[in-house]
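Listed next: structures, encoded as structure tokens.
Two complexes are shown next, each including subunit A; its partner changes from subunit B in the first to subunit C in the second.
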Partner chain A sequence: MTQTQPQLDVHLANRREIEGQLPGSTDWVSDLRRRGLETYEEEGWPTQDEEAWKYTSLQAARETEYASPLTLDEADVSREDLAEFTFDATTAQLVFVNGRYRADLSNLDAVPEAATVRPLADVLDEDPGRVRGLLGEYAEPEDEPLTGLNTANFADGAYVEVPETEVVEAPIHVLYLTTDVGEPIAVHPRTLIVAHESSQVPVVETYAGLDDVEAFTNAVTEVFTAKNATVDHVKLNRESPETIHVGTQEFEQDRDSVVRSNTVTFGSKLTRNNVYDMLVGEGIDANLNGLYMGTDDQHIDNYTRIRHDEPHGDSHQLYKGILDDSSRGVFRGTIFVSPGAQKTDGYQHNPNMIVSEDALANSVPQLEIFADDVKCSHGSTTGDVDDKWIFYLRSRGLSEDQARDLIVYSFAGEVVEDITIEPARDTVRELVLDNLDHGDAVRDAL
Partner chain B sequence: MSKINTDTNEESTMLEIDNLHVSADDTGILRGIDLDVDGGELHAIMGPNGSGKSTLAKALAGHEAYEIDEGDVTYKGKDLLELEADDRAHEGVFLAFQYPVEIPGVTQMTFLRTALNSIREANGKDPMSAGEFLELAREKLDELDLPEDMLKRSLNEGFSGGEKKRNEIFQMAVLQPELCLLDETDSGLDIDALQIVADGINRMREDEDRSMVLITHYERILEYVEPDHVHVMLGGQIAKSGGPELAEKLEEKGYDWIEEETGIQRSPQQAEGALTS
Partner chain C sequence: MTPPESKTIEEIADEDYEHGWSMDIPATEAPKGLNEEIVEYISEENDEPEWLKEWRLKAYNHWTEMEEPDWPNVEYPPIDFQDMKYYSAPEAGEEEDAPESLDEVDDEILEMYERLGIPLGEQKRLQGVAVDAVVDSVSVATTFKEELEDMGVIFCPISEAVQDYPDIVKKHLGSVVPITDNFYATLNSAVFSDGSFCYVPEGVECPLELSTYFRMNAEGTGQFERTLIVAEPDSYVSYLEGCTAPARRDHQLHAAVVELIAKDNAEIKYSTVQNWYPGDEEGEGGVYNFVTKRGKAAGRNSKISWAQVETGSAITWKYPSCILAGDGSVGEFYSVAITSRHQQADTGTKMIHLGDDTSSTIISKSISADQGQNTYRGQVKINEGAENARNRSECDSMLIGDECGAHTFPYIDVENPTAQMEHEATTTKIGEDQMFYLEQRGLDEEDAVRMIVNGFAEEVLDELPMEFAVEARNLLGIKLEGSVG
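Presenting the complex of A and B:
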């Protein structure tokens, strides 16, 4: 894209305003940010002319006059305000409100000693060497313009690092919250997760909005899973219905590592999840599932790309969509298999359940295979709730609404019940039920 | 058990079908069914493929695809045709499907407990807890020689043909309906499974008020489950009724002789001609 940016791109203008406040004045960090800025300036805003954005227009996020919350006062948020988004009090938790870390709302006491869980801004200011060669390494500034923009503008985010052989059992929760400050705001949260050799860590990222905040969230998460390490990860979108959310997750996995990730979307009026995984060693296991539940006129786009570079890699993607009202779901996924990646086992499936006549699903699963000894399958299905199912259940005494909701709930169940992080699984299950018209009737039967 | 003169025993009439005409997709299928089922009776309905047996069962269960063109159905003194499918279930009507559907992801445990509790609720009873339900379900599974993991599995998904049929009987045993419509529950069962299903049906018959309509192609099941009445459906009508001996005769001689004897033909189209000529 060589389109010229309008004179006053709001995100560049924001950057100019907050530049002095951004953490990380070391050369390499400045350099990283500069590369991000250049990418953004050169490549410009994504448009629907690009294949990757064919079904999703991000124009609104370009045209809205977002302010950077760093120029505003700290939001008045209490623990009670967060309660609906948090897990129990013993959970290690990092909370960011409108882009800023909030020690008063976080709970770092619960972090296991061996692990490092800190705001990234602190690390960049106090000990930047710690993340050198990691930050911006997996989600490179040049990867795409919005990753560039995040790299240029991010104010803070979570840094999670687990040393060799250390096993963290309880999940670490990172909560990125936006609140209504009277005008639209743009935030660029940045998360870096590093699991060293043979370590294990579960991390949940929740993106949430209070009130009907009108926000633009441009999040980037990079996750490095070293040899034989395991990362469980859930990204949960509970943004406000006025928010536009673009989230890019870039995983890189070394040999024999395991990633089990779920990208779950309930919130935002417009969501784009980019989920990328580079399998750069042998014997890798990548389980990248997703669930999205659209209501009203929500638009939810999941864009995945799994790249197998070495032999004996297993990747499994199950993205399930439930689309109600006039919502729209988009899934575009690619399994890429390099010539050397023999014995790859790749699976990608995108079933959609259309609950309302006005809802719509687009699905484009893709294989790009350059090795000859692989097993890859992909597919998608789109269907509504079958009348035969409804009649069967009604003939047993369920009301039509109960029957419908039980079917939808159960459809989601295949993804929900496979979420490996228990409190996240419980939360997602509850959110599915909350989103059903007669969820209580189903809840009673569970 | 056997009631020879059904007409005089008005109070115990559970189901009264009077001149029922049913169509689907604007095609007439049932063409004037008359059938009375008293409390405690078992009626077997036989008849060639396409004669309308399943249509009758589904129309009685409240399937919306089947249009009632004419006639009345009274069930326990109420107008059955006014009730929605779920209300009929609440009133004690149960259909064991000829082709039980597979519903992906819906676990049998959740589904059946929801069903039982909605029936209980409609009848002013407290819901059954998960524990109580599990106990009941285990007992019934055991009776039907079904594995307990059946409860955790998705409804009929990946079940063998025989398992699906036994599963219908299992659901019936849990829900304890008053009027059981069994649509070819005996088809496709091996001899052991047939025995198990027949035992299940006979256990249900121990309740003297419970009535059954058993649709079948085979006389075999009727050796285990003794019918009070046997009816033959042809071209959307009940062409002939009798006792168990009728089933034996059908097994031997097929349906042609009934066509000849009654002038009613198998397909509705032919029957149309026969009636108007």
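Presenting the complex of A and C:
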């Protein structure tokens, strides 16, 4: 920025402007927002001096003069505009455009009766008691300054709650869209997913941008999986190439619960995914995978932390990166095993494929183990496409380009084919092919 | 495989830290504290040339502006750098009566080394090891100097090398670990007292294993030795380093710097068995071992290999590293680190690949018992211009008991697509099935554990020169005394 003396932080200025419009005037919500604001004001933006942000700079997000879209007119978006991001018409869908809920674009007919799927703002205005003790409980405002900022500034988001023993089979799709409004905008979407005892629910979150919008998305997703419940989850980043995306997902799992989550990144010029999972009961199964495909000068940083607090927990992380052009992929993951979390089985693997001379990969898989009767391992590999494989495929009649892209496609396949939510899996598979230089040739070869 | 020699638990428990005694050897000491005068005093005591004094002062002044690092995964009360002596020389080591031969070395020092099991006398010849013995701040004896000189190999205390071979020292000192490198290395640059210097000329394969034995004796002193090894083209040298210290209630600081330089086709093998005093059962006392070790594989097809067995010290903080600058150069790091009682270790390596076709191997085995905390921290960096680099890393941790911890923090930074990198780490405990298998074949619990631990560390122990390997195996057994069951 050319400005020499930055005045008030743009996000704080935005907050002042929109304060009156934010949902939730109840004391405890105000208190939560105040705590978020204090954290953000006290700790400020993360800098590269901090170990957790060593490879990623958010300076651009800090210095750009973002406006809050709440101060602007509602965007003119039709169902056709979002068609490329949605699943079929029968899928339950919540659509937020530039931070605001759009009933006209959403589809709540398909939501099973037992489940609650609503915009969070409505819940906070009409029935705030419903989310008391849940909202801000798993992603606490004090966890990180940007989680604090989200708590202080969020205007809306999705609330998904499934009662005991209820099984929701069809996925619920939450689409957060940003559109070009002529100036850079900052949005702070907030998602809360609560799966009560022995329930089951699949949720897909898509973050997408239209028309090369320049946006800053600071998303926070809280997911509580109660005893014996199962949550399938996909977070899909299809933001515009001008967008900076910071997304924090905080999972908490009670005993015998299952989480199968995939964090898939195609979009944004800069992405930081924080994925945290607290395993607070026994016998938990946590499956947190990721896929990132970098092109141009994209920077994609995945930061995970799985904390095993109780015995017999299994956690599995597979983060695969494909880095083309001058993109950069960062993976930093930690398995933390508390004293007493015996019989933990923790696994973490980060293979990276660098397919261009100018791409970079940084990988920091970490183990912090304080219990002795555990089995924990991690691995990381980095390399380009193996010439032997290309030779094998060429000897079977594929061109070099086809062979190379087919290998990349199958490399991604290990994550893609394990996505448990079918429409999301199909979408991701197509997006992988779209991102390959010779995707069509691979389609032909398949 | 025959089981290692069996001892009862009581016997082992009595062994404890067997090097914990100290001797009253008259010594010349600098007063406590650190300032420019002390730095000048050390320089003058060593009768150093002006350039080295300036170099030290520059380091000291830089140090005063540095902050103590707080990123290692270790905890200890703040160190008062003014409440410590920076120089202590056994009087026999004063330069005017420097021993010309072993016959003149003070009997008490000889006796001390006898007790350490490091005879400085003739029998070492049979083992083919030349020893440089360093007590507190100065080198007291170097064996086989003349035999080595015949081959052109220079092996002497660095204080002597400064006098006798100033050009070589001046050219290489600080070239791998610059004086501004890090807090403890800079402190060392300012106050280093002695250490070993080794120069292997072109085409010479050093016939003896060179060895330095470090011993802290005086109370309240820090030990700051500096080792410099230069291997000219087509040469080879194997160097061993051993360390012990008396049991003291206070913490003692050991901040050494080791620099290795290997030129075209040269190979340096550097082995360490570190057994500084680890402190007592309550975690009182013990050595703070904050060491900077780095080797530069500067020439084509040069090789630097680190092997270390870290069993001692209250806190270990060291990362023997390799800068692989020459095309085709090779870096290796083999480490066994064992922490028991209240010991903490934060150790690992850095492999910096700069040249083409470079390869590195990292094998790290850590064993934690009691309340011990063991951290592997390492970095493998493939620079943009380093074509066809290859790295394999393996970091395995073993936990014995439920109060210890094992941590792994590898950093893998790849800037070139032709690199092939593999990193793998596991954490396990001794399997019940393994114990069952060995016990049903008649081994008692203690022996079974020793055998499993030795097997776990085998890959690294195999890299040590033979007699070191024996010592290391014994140390592993002793360290785990009482931790099992």
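In this section, the second predicted complex is superposed on the first by the 437 of 446 C-alpha atoms of A that agree within 3 Å, B and C clash if a C-alpha of one lies under 4 Å from a C-alpha of the other, contacts with A are read in each partner's own complex, and residues count from 1 in each chain.
Criterion: a contact is a pair of C-beta atoms (placed from the backbone, for glycine too) under 8 Å apart; a residue touches a chain by one contact, two chains touch by 3 or more.
Keep in mind that what you see is a predicted model, and the values were worked out from it rather than measured.
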In the overlay, answer first, second, both or neither for which of subunit B and subunit C A:Ile354 touches. second
Which partner, subunit B or subunit C, touches more subunit A residues: C
Identify the partner contact of A:Ala445: answer first if only subunit B is touched, second if only subunit C is, both if each is, neither if none is. first
First (subunit B), second (subunit C), both or neither touched by A:Tyr392: first
If we overlay the two complexes on their shared chain A, which of subunit B and subunit C does A:Ile369 touch? Say first, second, both or neither. second
Just subunit B (first), just subunit C (second), both, or neither: which does A:Thr295 touch? neither
So, A:Gly379: does it touch subunit B (first), subunit C (second), both, or neither? second
Spell out the part of subunit C that touches subunit A in their complex, as residue ranges. 71, 397, 399-429
Name, in rising order, each residue of subunit A that touches subunit C in their complex. 51, 339-340, 342, 352, 354-357, 359-384
Contact set on subunit B toward subunit A in their complex: 61-65, 84-86, 88-90, 94-95, 97, 100-101, 103-107, 110-119, 122, 127, 154-155, 171, 175
Using the touch rule from the top, collect the residues of subunit A that touch subunit B in their complex. 386-389, 391-400, 402, 406-407, 410-411, 413-414, 441-442, 444-446
